[in-house]
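So, here come the structures, one by one.
Two complexes are shown next, each including chain A; its partner changes from chain B in the first to chain C in the second.
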Partner chain A sequence: MNETDLHFFIDSTVNYFQEVTGEQAITGIPYLKGKEPVVLDYSGIIGISGKRKGCVYITTTSEMLRSLAHIILDDPKATVETVKDLTGEIANTISGNVREAYGSSFMISVPVVVEGKAKDIRLPEHVQAFVIPITWKEYRCYLVVCLE
Partner chain B sequence: MKEKFKILIIDDSMTIRQAIEKNLSDFPLEVVGMAGDGKTALELFKTTNPDVVTLDITMPELDGISVLKEMMKINKDVKVMVITALKDKATGLKAIQIGAKSYLVKPFTSEKLKSAFSRMMGLN
Partner chain C sequence: MSSDEQNLIPSSSEPVADSKQWQSEWHQLDQMMQQILHHAREGIFFLDKNFIIQKYYSVVLHDILGVNNLEGKNLIHLLENRIPTQIIENTKEFIQLMFRSDLDEEVITELNPLVDTEFFYEDEWGIWTSSKYLTFTFRRVVEENEIKLLVITSKDVTEKIVLTKKIQQTEDRTQKQMEWLVNILHVEPEMLKEFFVGVEQELANIEEILKNAKDTKSPRELIENIYRSLFIIKGNASMLDLRFFTDRTNQFINKVIKLRNKPDIIGNDFVPIVVSLGDMREILKEVQTIFKRISHFHNHFRTKRTYESELLVHSLKQLIISLSKQLGKAVKFDYKDFDALSIPYSYRNIVRDILFLLVRNAILYGIEDFDQRKSSNKDPSAIIKISSMINDGFLGLVMKHDGRIDRIERMIQRLVTYEVDEELPEASIEGMQVTQLLFTPSIQMDDERQLEASYSMDMELLKRKLKEKGGRLKITFTSEDCCEFKILLPLRRV
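Showing the complex of A and B:
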């Protein structure tokens, strides 16, 4: 992975929040994921296959998801089911949008959602993973990109 | 002119299905079904005979492109709007060549969805 790859994901993430909420998300400086877990309340994981292999996941808080659900559905009381579903949909949208850059050989799986603060999300070994910190309104989440 | 068009909403995200239904509620539509996977979608398509369909591509069981091909075999006049996160030209072109009338990339705003839907239905 190189800087250009990271920019594709940053642009896709910023576009997601801008389109859905009308408010810009701020991305922090990406860093290499170490041994410390990067896991918040809900994580949406997408497997990548085709020309590129690996995975992408977004991990976020319940509060951020409820705020997003309020905007999308105009419902201030999103259920746990909605919050989980939305986590997968965000991961799917960010990953699917980068096909604008990579083309149709960048194959994405349906999302898998992990609820709760798991020890960590297991990533492919021997492949560097980058963490992109994201701030939207007062909320913080992380996009983790691990591609061969 | 028909009073209401029968619509089938297909997306593996419940949130997106609800958002589509909510955003299209001003149109003369009767929601005849919703599906979260391709297999269920095809079954509902056969039993409800919708006039219009919104169709996701990345779904469990059967992907949206395969579903679209089957739908076109059954009823080539159905109006299908593909709503997907897949933002590459090849997939968009493929969907249109198979028979989709519209291709909308997620994330969508309410305005974009309504505008694309109006155009597809010839309502503007």
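Showing the complex of A and C:
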């Protein structure tokens, strides 16, 4: 995993908030993921295979997703389904950007949305995972990148 | 292809049965075909020009492709989501070429994209967690000069590929590991273990700093703390002459310095730091693995006490020779008053650390180069003298050098000269001056300041080590041209 890759994933995520809501998201200080889980209410997971293997996921709170739904869909009372779809959409946007940047020699999976605070998201073993806290408005979410 | 071979191959169009005997033969042939396909260990199947898998295929293909009931399925669709789209496109094109009778089969076969290809398989979440390597071969089935079908064989070559990759990886890593091995062999296992624990602690410290940073309003404070931890690792690595570790830490430090020099710092700027931290973790893990492998031999060839004592002086000698040569300095080493055997076993490591640090710093920062000394009417060869004594329940160590005495050295002298239980004078005006001098970013850009900062970090490391053992350090200037470091370690605590 190099700096360029990590910057790429961060920029893809941060740009999503800017483009969709017009409000900038702020990147926090990244850190190495330890054994403790990094999981909030909803997580959108993308698998990456091909020349390099790994996994990227974004995990957010339902409050953040509801606030996003309010802005994007003008829906102040977003249902669980809407909130889940939004998680998938964020992950999909990242996935689309990754696909564009990494080319056809990589395989990018369709995002998988996990609801609820799972024990943890299973990541490839022996590969370091980086956690990037992202703050949008007053909400916090995490981008976790684990790529060979 | 012979006419006999052609007879064995089922045609894509059913022949019209014209006799009972023919029907019976056809039935027998069909049975035989089913038996072969049932017991074949390779995947065998027929494909038409629309990429459709035909009725006859070997059962093992279910396992190889991970899909049952393959008859009538489109091969290209089966490849989707298992291999990269680029290879799928190439496969499609390749199969189309295989059906073109104007193209030579042997030549086209060379273009086969499905050779040793990694296929990925999803888990229950739809994430690829397992993979295997497959190789496909393609041959034409020709009937009346027309390419009717392709007969395709597929084989699971995972074992072979994984082994080949492992060998390749091992070869690639051997060179690096050999370098590391040579680098650590000269260090005693206990010291190496202690070093690993230290690095582990400092890396964990950096990890904690980053993890707990959250919405910090003072990222510069974090940077300074990271810088400090790295200097401790670098100091320890240099003391043990672990060059690869020193180099890596230096690279990391350079990134921290670059970050520190930025006027405005945001979270994104920490990406190089966290990536370097990940790299350091990997290196530590690998070196520890090598260490575990060799520790058996280390213990087997454990040296005697007298030899260990000689080794200490010898190591210092080597340090002086190599460092002074590297820096264009001439240094004589006087150790006639140093009795390594008088050092209690429990102080052996700290004495070595202290002497290494002092000698290294004397050459790096104190002793002038050959020409400078000559032009100042000094003996072009500097002297480093070490001695030891036991007095009033203390083990005393003295390191003297006749190099330049700088302002910074004098200031640090006041900073580091303290009694065991005394408060360190950081809060004093002088202490603050030194701290400001060393850590104010605007004046830390030139090399000289960085050297001073490095010196200060080393001294802090030394202070910490001494404090742990209840020892003390004094720097005195016996004359304008001579600097003496005196260390006292209490024997009663041993």
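The criterion applied here is as follows: the second predicted complex is superposed on the first by the 146 of 148 C-alpha atoms of A that agree within 3 Å, B and C clash if a C-alpha of one lies under 4 Å from a C-alpha of the other, contacts with A are read in each partner's own complex, and residues count from 1 in each chain.
FYI, contacts are C-beta pairs under 8 Å (C-beta built on N, C-alpha and C of every residue); 3 or more make two chains touch, one makes a residue touch a chain.
The structure displayed is predicted, hence computed values, not measured ones.
Asker: Mind checking the superposed model to see whether chain B and chain C fit together on chain A or clash?
Answerer: fit
Asker: Thinking of the overlay built on chain A, is A:49 touched by chain B (first), by chain C (second), by both, or by neither?
Answerer: In the superposition, A:49 touches chain C alone.
Asker: When the shared chain A is used to line up the two structures, what angle, as a multiple of 10 degrees, is there at the CA centre of chain A toward chain B and chain C?
Answerer: 130
Asker: Contacts for A:133 in the overlay, against chain B (first) and chain C (second): which applies, first, second, both or neither?
Answerer: The answer is second: A:133 touches chain C but not chain B.
Asker: Which partner does A:1 contact after superposing on A: first (chain B), second (chain C), both, neither?
Answerer: After superposition on chain A, A:1 lies in contact with chain C alone.
Asker: Determine, under the contact definition given at the top, whether A:110 touches first (chain B), second (chain C), both, or neither.
Answerer: In the superposition, A:110 contacts both chain B and chain C.
Asker: Classify the contacts of A:32 with the two partner chains as first (chain B alone), second (chain C alone), both, or neither.
Answerer: second
Asker: Which partner does A:88 reach: the first (chain B), the second (chain C), both, or neither?
Answerer: In the superposition, A:88 touches chain B alone.
Asker: Considering only C-alpha atoms, give the closest distance between chain B and chain C in the superposition, rounded to the nearest Å.
Answerer: 8
Asker: Can you pull the chain A residues that chain B and chain C both touch?
Answerer: Common to the two interfaces on chain A: residues 103-104, 106, 109-110.
Asker: What residues of chain A sit close enough to touch chain B in their complex?
Answerer: It is residues 15-16, 19-20, 69, 72-74, 81-82, 85-86, 88-89, 92-100, 102-104, 106, 108-110 of chain A that touch chain B.
Asker: Using the touch rule from the top, collect the residues of chain B that touch chain A in their complex.
Answerer: 12-16, 18-19, 22, 58-60, 84-88, 90-91, 105-109
Asker: Hey, which residues of chain A end up touching chain C in the complex?
Answerer: It is residues 1-3, 6-7, 10, 26-32, 34, 45, 47, 49-50, 53, 55, 103-107, 109-110, 112, 114, 122, 124, 128, 130, 132-133, 135 of chain A that touch chain C.
Asker: Which of the residues in chain C end up touching chain A in this complex?
Answerer: For this pair, the touching residues of chain C are 81, 83-86, 89, 118, 120, 122, 125-129, 131, 207, 210-211, 213-216, 219, 222, 266-268, 270-272, 274-275, 277-278, 281-282.
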